[in-house]
Structure formats: C-alpha cells, structure tokens
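This structure is in structure tokens; I'll ask about it shortly.
Here the chain labels run A, B, C, D, E and F in written order, and each chain numbers its own residues starting at 1.
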Amino acid sequence: MLYLVDEPMADLAFRTIAGDEDPRIALIQDGVLLASRAAAEVDAPIYAVAKDVEVRGVDLPSEIEPVPYDTLIELVVEHETKSFV
Amino acid sequence: MKRDVLVMLTRAPYGRVHVPEGLRAARGVAAGFDRHDVTVAFVADGVYAAREAVDREALNMPGHIADLLAEDGEMVVDEAAMAARDVRPAEIAGDIAVESGERIADRVRAADHTLDF
Amino acid sequence: MAHLGFLLTGGPFDSERWRTAYEMGRAALDAGHEVTYFHYLDGALVPVAGQEFPDCSDTGLYDEMPVEKFRELVADGAEVICCGLCVSARGIDAETDYPEGVEIGLLPDLADMLGTADRVISL
Amino acid sequence: MAHLGFLLTGGPFDSERWRTAYEMGRAALDAGHEVTYFHYLDGALVPVAGQEFPDCSDTGLYDEMPVEKFRELVADGAEVICCGLCVSARGIDAETDYPEGVEIGLLPDLADMLGTADRVISL
Amino acid sequence: MLYLVDEPMADLAFRTIAGDEDPRIALIQDGVLLASRAAAEVDAPIYAVAKDVEVRGVDLPSEIEPVPYDTLIELVVEHETKSFV
Amino acid sequence: MKRDVLVMLTRAPYGRVHVPEGLRAARGVAAGFDRHDVTVAFVADGVYAAREAVDREALNMPGHIADLLAEDGEMVVDEAAMAARDVRPAEIAGDIAVESGERIADRVRAADHTLDF
C-alpha cells in the first residue's frame, strides 16, 4: 500500500503505516517537514515530492528519495493508495 | 462497483462546515447507485464532534446521521485520538462506537477508498 | 490505463491542495490515465473565472491562477465536477463564473467516482 | 464611544472567525460604538451576495448566510471594506457580487484603521 | 490587558499572558476547549464566550465565567486587547 | 495616529497566501499615512518561513521584504517556536533576528496593535 502523508493527519497516518507489512510512503506538501521522523520511525521505501522539498529547503535524509509528480503517479497506479492530506 | 468507503471527519466541528458536510457526503455515497458500504470515523480533532454534549442541532448533524443510519452506515470514533485530547469514552454519544487506535488503522487499510473532511 | 479520482475540498488560497490536485492530474493525463475531479466545499472556489493576481513569481504557487490550471486540465480531457450545493452556498453563478467544461454535479456523482475509479485521492 | 476595528482573514466556510466578527460587531454597534471591518484574504468571500444553503439549523452557524449578517451590519452603520487585491484574486466582481454599502479599499485603509481605532481585533 | 485566546495560537498566548501582571483572558471559538488548561495555568480572571461553550458542550471549571458577546465587548472597551484567534 | 504594530505570521509558508500577503499588509501599513512602526514576527508554524533555505522567490516574498525594510520595518523570529519545531538559529535567514520566546511575548504586550496572518 502507498500512503500519501501531510502534516495534519500524520499521527493517524503513521499508526496506519505501522500495521502494514509492505508499506510505501510519499511525503507531500508540508508532510516533507516530517522527513526525519519518517526516516526514524519507518523501515520501508519513503519518497518525498521533489517540488515540495525544494520550495521548503528541506534536507532529506539519504534514505528518502525525492520524486517528481510523474513518478508519484506511477507509484499511485502501481499500488493501492491511501491519502492523509 | 460497490465499495467499502471510510469517511474520516478530521476537524473540530463548530465554526466550519466539514463535519456536517462530511456527513452529508457519507450518506450521499451510501445512497448512490452502487450503495457503497460507508463507515464514518471521527478521528483527530473530529473526535470532539462525537461527544454526547455537542449541540448536534447547531451543527446541522441530525438529518444526515438519520439518513446515514437508514442506509446501514455506521459511525466509529478513534480512541487514540480521544486519549490525546483527554476525551473519555463515557463522553461519546450512544450511536457512535469507540474503537481502539489499532482498529481504526485496520479500517483505513481495509477500505477500498477513504475520504477525509 | 487507470482511472484516478480526486476529491478536492481545499480552496484556492488556503492550502496547497488545489495545486497538488492539479499536478497529480496533469501527470496522470500525460501518462494516458483517465482523470475525474469532484470539487466539494471550498474546492468549488478553485475554478472560478476572472482570478487576477498582479505580481506572483513564475516559480511559485500562482505562476498561473487556479482557474487557468483547471481550464487546461478540462481541455486535456479531465472531467471536472463541482458540487452544486457547495456552488450555491458560495454565491457562485455556475453559468457565468465557471469556464466551459466545468460541470455541476451532486453527491451521486461522487458515489459514481468511488465506484468506477481505480484510485481515489482525497485532498 | 469607542472605535473598534476588525481585520477578518477567515472565509465563510472554513472557520468561525466571520461569525465571531459579526457577533462582536453586532454587540459593539448595539452598545453605541463605531465599527470598521477590513476584510482581507478569504475574508473577501464573506459578504458575497447570493449565498444559499438549504437546510441549516436556526440555532447553528448558518441561521442566516454570512452575506446577510454583514448586510445587516452595514445597514446599522458599520463600515465594511474589502481589500481590492483580494477581491480580484478571487474573481469577485465587486459591482455585482457585493451588496450595497460594502466598499473596496486597499492597504492604506487598513493603515488608517490601525491609526484611528481604539481596539483592533485580528480574526 | 485582555487576551482573546483560540487554539491555533494558544502557546504564544499563554506565554504572553504569563508575563503580564494583570491579565484577563477570554476563551473564544475552539479556545473554550482549553478551559481546564487555562484554569490550571493562569491565576487571573478567565471568561469564555457562552455561545462557544454551549455548542461544544464544554463543562467549564467554576472559576471560568461564561459571557455573552455584549459583555465581551464591554471587556474589550475597558481593557487594551490582544487577539490570538 | 502613529502606532507600534506587530504583524505575526503564524502559518507554514508554502501552499497558502498568508506569509506573502501578511508581508504585503505589513509593508502597506508601514507605508500608509501614519507611517506606523511595524515589526514582523515569525511565530508558530511561521518560523518555517524564516529559514534561509526556503525559496523566497517561489513564496513571493522578496519585493514585500525589500519594501518593508525600506520603511524601517524589522523582522524577528520566535526562538521558542523554533525549538518546538527543531529549527536551529543557524538556519534562520540573515535579515531576520532570532529572539527569545520571552522577548517575543514582550513585543506582543508592548505593541499598540497586533495583526496575525
């Protein structure tokens, strides 16, 4: 399952992710500010919307991959998706 | 195609339209052509709207809730979000089931689609 | 080809959600997918014609106004439905305030989107 | 008599701030005070004419629509100024979309309110 | 000084109040949900907008006084006012 | 009458108009007839907008800031809000002064009027 995660619903998002055996996470909008928390809490592939990272000047941990919107759509089409935005 | 739909109400109720209009959407998709299976979950600051003491009439909730229940929709509230806000299970309205944070997370993962308001 | 549905409840000036909805829809159309939008609550304000903002950066959120972005999506095949009740509540006159191709719908249209779309993204 | 100024940045459907602004202004007018509103950002959406919501409770937030509340304040002597730039950004046509008495202003009007009001409440 | 306090700016509001020798507090909008915190943290007159208390069904601690809008305006006119709404 | 005005920017910057339009208002009231004394304070989630690394151009900030500084306005950021969000003083832009939480609270109390965006 792919989870889109922004800040306002982050608590429920991380709780939902914790019970998923094969999650993927895409940090989006102000959710990119959660990069350090996500990297520390989750052992799974983590992506972050590149445009959102750039305008906010966020230093991504090396395990988080910035992705453009077309890659995000590939991920959405490939995986069932739950949005916490 | 008939789907399992989880409608999450995420905001404190009074002063904005999200709780009543989220309920309107919930009963709307429960009543549509596919007659989706709809569960409404009060999560995050939405748990305040699940309290017995809120003035549902002032929040424009009763009609939408009656319609939702008539369509076999159900309402649940996230105990983990309640605990974070010091809302006790005894405060929750009788037509809303208190469920653990894990159970709510299970519902999110199991739903075909989630909507949030 | 997949069918992506977007429920947009954010307005044009209070969050990035309209812009995320546009960018994801743009990318989905470019990849050959089918795209439907259901604009609900303040989302109904997003495709209102005549928006003008004098001095925004080319690299920023309003390089073009939200209505122009959605006009472009409609032209490229996206279905854009605005909730009629939300439209009335906001004093929007659908005939004159929306660009051609923006439709007025009701909750059964949202129910249909949930029934047919492969993915539904709530923004 | 005091002069109360309100800066309203909240819209009609996303927070209670428009309603608080109305209630405080209503009470201030009733007590014989002078009241000025400067509507900025989504506050410019509050007094848009033609808002209709079918089934709201008499005891609730929308016993009347926001535009009706502000029409009443104007009739009772409040000055209501909407920021012209915010109006244009939202595709609002001031001539046809606002009730009589709602004025269009610019930031110097906010500066004047700050200079003359005894109290300024930012909502 | 009178302070109007809602939830989103509550941290700065309480910090500002803590440094005031003669504060008065009016809880407003979702700020009435902070009634217990305000009563515990602040030794000063605390009011709460009655309409906001009623629709939310909040049990006010006895030291907090519910007030209608006309009383709120009297307080505003009487005292310099800072808004955290 | 000339006033001391404190303009508080309270929201995370990108995706909403509050930071640039709050700055526009700040320089507007600094430039008006009374030429008010204006200080802009980045508080709460607004501290993210005070970071050197944000793309000011994309946030439509530079013109408003130049005008504000030309009117002798100043910009400060709330260290207490920074600490709560793990933003370090070294991250703050050079034209914004880092001030303690107490100093920011002093400014709020001392201002004739505060506006928040």
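By our rule, a residue touches a chain if its C-beta (ideal position, glycine included) is under 8 Å from a C-beta of that chain, and two chains touch if they have at least 3 such contacts.
Remember, it's a predicted structure, so these values are computed and weren't measured experimentally.
Enquirer: Roughly how big is the turn, in degrees to the nearest 5, that lines up chain C with chain D by CA atoms?
Expert: The rotation relating chain C to chain D comes to 180 degrees.
Enquirer: Please indicate which chain is farthest from chain F, where distance is taken between mean Cα coordinates of the chains.
Expert: B
Enquirer: Return the chain whose centre of C-alpha atoms lies at maximal distance from the corresponding centre of chain D.
Expert: Result for max centroid distance from chain D is chain A.
Enquirer: Using CA atom averages as chain centres, what separation in Å is found between chain B and chain C?
Expert: Centre-to-centre distance between chain B and chain C: 25 Å.
Enquirer: Need the CA-centroid distance for the pair chain A / chain D, whole Å please.
Expert: Between these chains, centre-to-centre, one finds 39 Å.
Enquirer: Using the touch definition from the top, which residues of chain B touch two or more other chains?
Expert: 14-15, 17, 55, 58-59, 114, 116
Enquirer: Could you tell me which residues belong to chain E and also touch two or more other chains?
Expert: 29-30, 52, 55, 83, 85
Enquirer: Can you list the residues of chain C that touch 2 or more other chains?
Expert: 13-17, 41, 60, 85, 120, 122 - these are the residues of chain C that touch more than one other chain.
Enquirer: Classify the chain contact graph as line, ring, star, complete or other.
Expert: Chain contacts: none of line, ring, star or complete; other.
Enquirer: Would you mind giving me the full set of chain pairs in touch?
Expert: Here the touching chain pairs work out to A-B, A-C, A-F, B-C, B-D, B-E, C-D, C-F, D-E, D-F, E-F.
Enquirer: For a test of understanding, state which residues of chain A touch chain F in their complex under the given definition.
Expert: Interface residues on chain A, with respect to chain F: 7, 29-30, 33, 36, 52, 54-59.
Enquirer: Name, in rising order, each residue of chain C that touches chain A in their complex.
Expert: My answer: residues 2, 4, 15-17, 20, 23-24, 26-28, 30-31, 33, 60, 118-123.
Enquirer: Touching chain C in the complex: which residues of chain D?
Expert: Those residues of chain D that touch chain C are 11-14, 41-42, 45, 48-54, 65, 67, 85, 88-91, 93, 97.
Enquirer: If we count contacts the way the header does, which residues on chain F are in touch with chain A in the complex?
Expert: Touching chain A from chain F are residues 12-15, 48, 51-55, 58-59, 86.
Enquirer: Can you name the residues of chain B that touch chain C in the complex?
Expert: Residues 1-3, 5, 17-18, 21, 24-25, 28-29, 31-34, 36, 112-117 of chain B touch chain C in their complex.
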